[in-house]
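Shared between the two complexes below is subunit A, which has subunit B as its partner in the first and subunit C in the second.
Then we have the complex of A and B:
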């Protein structure tokens, strides 16, 4: 009964309600601006709210979290500059939609499916948290390695450009992620004695450079191109459209919940895997994937917001953070004298109700606020390139500097920007490089942890891959992903399709 | 087979941009260099720090060579009349000017700090890209944009600007 009444607390307490709304509104902006991240905002809020009541702090942070995840997709769709890594996949089809003049529709769809995805994530959090956390605990380092493998393999099917060039870009990204101190042994790799290289190459300057500055330089090739007229009539998706895409959205949200529930992985990987799953399962997309398919926006936007709900599961049931933001929230609990851990739900049962309620309110608020501001955001496209490009570049500079007050980061960012410009010129996609930078450390450290746990015996490693249920499922997925890309498989499936259509006649 | 069929089947080979092969060679060399350096990392067991760097470098080398071969086979060299045209394709004037401004900005930023450097960059870039038009308007836009950015980053997020 205590928990039930705790659900009503944020709804009945006006101050909490306002804080959630404020957080959501701020979160959308924070998520949208490249260089500002929800993680950064959350950590600032923790220090901000040091003296506040814990419920007030949680309300604000939950709002920022929910708003921020959607916000990243806004600039991804409008400018091809993801506001956050979780929004990289959204831009694959989101930006082509903007090029077609359908940005408002894309934003409206993204907003709506984000609501549904978030809702599913919250519902699962509410009812299935203990079960999922138990399963999530079974995930071993080798499974993280396999998941990261899946992420890398997605580079082969990323669609925007040459597959092999995409893999090269991704491999270079993975290589660059290994610069710096090896986390397991402390050995310096590729540092050449330089202090700057010792801390490694952070993926955020690379992301901002490869998307922001590269986009600016590439657009400068022809400044006279007029802004594409956007069709502002159809923002709110029709009920028919919604019902058509709801199954895909819910499927993607489920993927998001699971990946969010795994400690350490969050919306970015969830969005990618959901995008790829959509690519493989949707037979007749509204447009080819990578060229403005609505499904290409729906899948990642449903998954990355559902991952928010998923990330709370291990945090609340076990005290293990599901991702960076939940790790910060655990910090907030500790500062306020609470003890996150397996007994958290028992010792502070009201917290669960309050969090779920805040997330729910934030989800609804996000839907309303975002829908109302789509027209405003779309106006950004109307700004002529001659004005937009310099502003975007300076935004990239300040956004990069904001990460760790390092001018060296800014120089890296500019370097990546120039590299990205030439990569685009020669047909190399830039997204795989960013993903390689993100997934590289996960691949490397989990592979080595897995090997160490079997005493460096590759036979036991392989044996474990097929004997553990979670690993086996992942291995099957990976094998399927590899085989389905070969010409033999494609020939086989198209032959089968023509046979069935012939027999249907 | 009718002759017209044969003519239609012979597809035009796509053109490759100048420097495309060189770019791929750059990746190949990068991979070779990375592999060479990785040999000096601790190795010997399946969990050593050198495994992944070597693996990834090998992938880069192999695929870059494949790309070079494919590009040579499947594309035709675009004929440019002069070096000037090649440079113009790679770096159109606008891009070159922006790059130059960026270099100057990078050098000047630590000296005169963020607000003046960024204002000057935005103003000069905007005026240049609009071919000298709107001197006053661009100053106002640069100022406004900078004010918004500073407000958000410096005062709300408490980021110390460079």
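Then we have the complex of A and C:
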């Protein structure tokens, strides 16, 4: 009885309700502004709400979390500057849509599928948390390695531009991610004796630089080019369109829930893998992927928000964070005297109901607030470039400094920004480099862990890959991903297709 | 005459102003506190729990920031490069003691002055609840006789899990396979998932899992039992050969750069002593799963030096160090 009524607490308590709404509203803005991210906002809020009641703090943070994940997609679509790592994949097709004048439609779709994806994530959290967390524990380091491999393979199929150049950019990204202290042995790699390089090259300043500053610099070349006129008629997607894309959205959301539930991986990886899965499974996208396919926006936006619900699963059932924001929330619990851990649900059963309720309210609020503000956000494109670009660059600097109060981060960010400008000039996309920076450490440390676990015996490693169910499934996916790119496979499938259509005549 | 009076008056005023600035006014502005590990970790929790009370005595705020990286070397080097004027505090754990022998950096706590060591926590040897090891001797026996070495979790060479498992290696002669993770939390996750067999983590990280029965604590890495888990034997109980290493274990404290003025040290020590006396801090220590140290001055220095002797020579004897502790004048324990 206690737990059931706890679901109603945020709904009936006006203060909590307002805090969730405020948080969602604020979260959308924080997520949208390049340089500021949900993680940063969450850690600021923790100190800010230090003396508050824990429910108040949770309401605010849940709102910011849900709003922020969608918010990152706004600028990703409008300006090709992701507001958060989880929104990188959204821009692949989102920005081309803006270039075609369909930004409002893209934003409307993103908003709607974000609602459905978030809803699914919350439902799964509510009903299946214990089972999923038990399975999530079984995911071994080698499986994380395989997931990262899947992410890396995405680089080879990211059709926005030359494939080879994409691979080169990605490879450089992975190489750069190796700089710093070796996670296992403590050896210094490529640090040249500098303490600053010892902490490695963090991907957040690099991302802000390679997207925000680079975009700003690139657009500065043609400051006088007029903004593309946006068609603001069709914001709310028609029911027909929704029903058509619902299966894809739910599939992507499922991917998002699982990846969010894995400790240590969150919305950014979820969005990438969902994008890749969509690319391979959708036979007739509305436009080629990378050139403004609606599916290319739906998949990542469904996945990254579902990952929020997923990330709460290990956090509430085991006290293990599912991603960076839930790690911060655990810190908040400790500061407020609670004890996250396997007994958390037993010792504080009401917290679960309150969190789920807050997430639900935030999800609905996000749908409404975002829909109403799409027209407003779209106007950002009409802001003269001469004003927009300096603002973006200043926000990037502030946002980068706010991460760790480190000027070195800002220098890195600016350096990457300049690098990205020249990359664009020569036809290299910057997203693969950011992906490399994100996936490199996951690839590296998990491969090392997996090998250490089998005493560096490659035969046992390979043996484990095929004897464990989770690993086997992932290996099959990867093999399929590689083979399906080869000309032989394409010939084989098109022959099969003509044969079936011939026999159907 | 007037001129002389004026001159004397201004000299006396200047004298007062100078002494005012030196003695009565520290701290004149807010201080910066740099925490060498990330948010949510043990050090972070301790630092944020003890500082508010100290702030009331100081009259100014201490702005706490996390500056993680390179097992704390980033924060240590950063604070070292700031002026020793008492406005930059370093909140640190025991990891810097191994920097020199591991070649991470050439600075450690010898370049700092310990204002206070707040708390030390014990490590526990943990296995998953569904593992077959009933007690510590069981684990050691299996480790010795098993054809494949057991997998032990680690957080890197300067972290507690690795040094603790080296301790067990040194005394019991067993060999483990070290699998490194990003922190004690991920180690426990891996333990629960069956990806590693054993890990030595601090009580704060392990406590919720031991309490809920998911993890079994086989031994406390200390010379006596701890109040949170009174049924778990200490390593010294199990084998007297461990006795010479203790007291030892991870600790957390606050430091200032060496060469900071005496009035800075006095004021800060006073403020943090007040904070540690607070009963709220006692409650925190209880929940945290540690033992209150509240060591200052030369006692703190001795504690740190002994801790360093044990850890540095332990790792050196096992062959994990780049340089010998003898190169830095670190005596054997």
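The rule is simple: the second predicted complex is superposed on the first by the 505 of 505 C-alpha atoms of A that agree within 3 Å, B and C clash if a C-alpha of one lies under 4 Å from a C-alpha of the other, contacts with A are read in each partner's own complex, and residues count from 1 in each chain.
Everything that follows uses one rule, which is that contacts are C-beta pairs under 8 Å (C-beta built on N, C-alpha and C of every residue); 3 or more make two chains touch, one makes a residue touch a chain.
As the structure is a computational prediction, the values presented were derived from the model and not from experiment.
*Asks:* Fit or clash for subunit B plus subunit C once both are placed on subunit A?
*Replies:* After superposition on subunit A, which the two structures share, subunit B sits beside subunit C with no clash.
*Asks:* Once the structures are superposed on A, label A:335 by its partner contacts, choosing first (subunit B), second (subunit C), both or neither.
*Replies:* After superposition on chain A, A:335 lies in contact with subunit C alone.
*Asks:* Just to be sure I read the superposition right, which of the two partners does A:410 touch: subunit B = first, subunit C = second, or both, or neither?
*Replies:* After superposing on A, A:410 lies in contact with subunit B but is clear of subunit C.
*Asks:* Among the partners subunit B and subunit C, which is in contact with a greater number of residues of subunit A?
*Replies:* Per-residue touch count on subunit A favours B.
*Asks:* Answer with first, second, both or neither: which of subunit B and subunit C does A:389 touch in the superposed model?
*Replies:* first
*Asks:* With both complexes overlaid on chain A, does A:343 touch subunit B (first), subunit C (second), both or neither?
*Replies:* After superposition on chain A, A:343 lies in contact with subunit C alone.
*Asks:* Should A:276 be classified as contacting the first partner (subunit B), the second (subunit C), both, or neither?
*Replies:* neither
*Asks:* Between subunit B and subunit C, whom does A:421 touch in the aligned arrangement: first, second, both, or neither?
*Replies:* After superposing on A, A:421 lies in contact with subunit B but is clear of subunit C.
*Asks:* How wide is the angle at the Cα centre of subunit A, looking out to the Cα centres of subunit B and subunit C, in steps of 10 degrees?
*Replies:* 90
*Asks:* If we overlay the two complexes on their shared chain A, which of subunit B and subunit C does A:323 touch? Say first, second, both or neither.
*Replies:* neither
*Asks:* Tell me which partner A:443 touches in the superposition: subunit B (first), subunit C (second), both or neither.
*Replies:* first
*Asks:* With both complexes superposed on chain A, which partner does A:301 reach: first (subunit B), second (subunit C), both or neither?
*Replies:* Neither: A:301 stays clear of subunit B and subunit C.
*Asks:* Taking the superposition as given, tell me the minimum C-alpha spacing from subunit B to subunit C, whole angstrom.
*Replies:* Superposed on chain A, the two chains' closest C-alpha atoms are separated by 10 Å.
*Asks:* Which subunit A residues lie in the overlap of the subunit B contact set and the subunit C contact set?
*Replies:* In subunit A, positions 184-185, 405, 448, 452 sit in both the subunit B and subunit C interfaces.
*Asks:* Sort out for me which residues of subunit B touch subunit A in the complex.
*Replies:* These residues of subunit B touch subunit A: 17, 19-20, 23-24, 27, 30-31, 34, 37-38, 41-42, 45-47, 49, 51-53, 56-57, 59-60, 63-64, 66-67, 70, 90, 92, 94-95, 98-99, 102, 105-106, 109-110, 114, 118, 121-122, 125-126, 129-130, 138, 141-142, 145-146, 149, 152-153, 157-162.
*Asks:* Where on subunit C is subunit A touching in the complex?
*Replies:* 39-40, 44-45, 48, 65-71, 73-74, 77-78, 102, 104-105, 148-149, 151, 154, 156-158, 177-182, 185-186, 188-190, 192-196, 207-209, 211-212, 214, 287
*Asks:* In the complex, go through subunit A and note every residue touching subunit B.
*Replies:* Spelled out, the residues of subunit A in touch with subunit B are 33, 36, 40-41, 44, 162, 164-165, 167-168, 171-172, 174-175, 178, 182, 184-185, 187, 189-190, 216-217, 220-223, 384-387, 389-391, 393-395, 397-398, 401-402, 405, 407, 410-411, 414, 418, 421-422, 425-427, 440, 443-444, 447-448, 451-452, 456-458, 461.
*Asks:* Can you list the subunit A residues touching subunit C in their complex?
*Replies:* Its residues touching subunit C are 43, 46, 137-141, 180-181, 183-186, 188, 195-196, 198-200, 263-264, 318-321, 327-328, 330-331, 334-335, 337, 339-344, 346, 404-406, 445, 448-449, 452-453, 455.
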